[in-house]
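Chains here go by letter, A, B, C and D, matching the order in which they are written, and residues are numbered from 1 within each.
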Amino acid sequence: MEILLFGITREIVGQNQLTVPTQDRPETVGKLKEWLAQQYPALQKLSSLAVAVDSEYADDAQPLPSGAEVALIPPVSGG
Amino acid sequence: MEILLFGITREIVGQNQLTVPTQDRPETVGKLKEWLAQQYPALQKLSSLAVAVDSEYADDAQPLPSGAEVALIPPVSGG
Amino acid sequence: MHISIVDQIDLNEAYQQLQSDSAGGVNLFVGTVRDHAQGKQVTKLVFEAYVPMALKQMEKIALQAQQQWPLEGLVMQHAVGEKQIGEPVVVIGTSSAHRDASFAACRFLIDELKKTVPIWKKEYYQDNSVWVNAHP
Amino acid sequence: MHISIVDQIDLNEAYQQLQSDSAGGVNLFVGTVRDHAQGKQVTKLVFEAYVPMALKQMEKIALQAQQQWPLEGLVMQHAVGEKQIGEPVVVIGTSSAHRDASFAACRFLIDELKKTVPIWKKEYYQDNSVWVNAHP
């Protein structure tokens, strides 16, 4: 599973995209966040970290079907 | 004494400027308004009628020195 | 501050005059000629101003706004003469470090302008014309 | 409604898109690069967007505004890439028959954009740079 990265999450991970290994594949947004917290502790220091599934904000219970576009959304600062 | 006219006051009086005859010369803004009410009853039908002396709104007690620029200010509608 | 009575509103000039390195927010309000008023079809408007007094009143309002809010820039342009549907007739501009001030000051300036600045609007309809606000 | 992520803000285009014969009031809010932030001298900004999601979120906000106020026109442009001091980075535009609606909607749109639209700003100072809002 590929995860799109933006802003500070790209710098924390050190890549433009993050690949979650098949054996770790999380079934929900909540599980993905748990995996990320373990792999990249610096993500927990952010003011907030949302996950978007198919370009929509997703809550922890939301499933992550294969083929979905998944992205990390650190605190926004447009405008 | 010359009185500048704008908007609907110019149409009511039928001129761009109004001359108050020397013998009628009002000493205050209040007296001027009384004279105008007699001469041009249609002015009393306006929503409001202010007088400006030297480009400032003037109250009824304000004197009208010779040489002052006096203007009638019907209800404004800019913007 | 930049205050003027003009034949043609110049929105780009207004924006340039509001530019400031310390400003993070710029507000522009543009009043335009609407095609209807009082339930009637409007064909055109004509604006007339008592220019020296209008400029003085606009300056007073502008000073009040500057006292109330920390503004970087302030613009008031009002047009006179004949204006067609869609044409701009007034532009109010404000800029400030943060947007609270520029939003609030912009609203204050247009509201006050409409109350006290000696400018008059004649509305032309298909069959007649009236000086707006003149009668109760 | 006209919603876009652009390299360069175009204020004149925004104003043209807000034109409507039924509109009497047009509001434009322009966010620009300020020379200071958090008490530091800013040298430049860089904006990054998750474009498809940003457009979707802007559209949601725009629909909310259209439901809340009787708007004739609505524009949201946000810039991405490197921006220098004084440059515009966002323009929000609204038009309506009466100015209450356009003022309120304009304020709502910029406030909501800053809360939910996936766009990120990196501020560069003399000696370092930070992603704005990233940390508590």
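Everything that follows uses one rule, which is that contacts are C-beta pairs under 8 Å (C-beta built on N, C-alpha and C of every residue); 3 or more make two chains touch, one makes a residue touch a chain.
In this text, all values refer to a predicted model and were calculated from it rather than measured experimentally.
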Labels of chains that are neighbours to chain B and to chain D: C
Where chain C and chain D are represented by their mean Cα positions, the distance between them in whole Å: 23
Chain A and chain C, separation of their C-alpha mean positions in angstrom: 48
Euclidean distance of C-alpha centroids - chain A vs chain B, Å: 73
Interface hub residues of chain A, defined as touching at least two other chains: none
Chain C, residues touching no fewer than two other chains: 31, 110
Which chain pairs touch, all of them: A-D, B-C, C-D
Contacting residues of chain D [partner chain A, same complex]: 31, 47-50, 52-54, 56, 78, 89-90, 110, 113-122, 131-136
Chain D to chain C touching residues, read off their complex: 11-12, 15, 19-36, 85-86, 88, 95, 97, 99, 102-103, 106-107, 110
Chain C partner contacts - residues on chain B that touch it in the complex: 4, 6-8, 11, 45-47, 52, 55-57, 71, 73-79
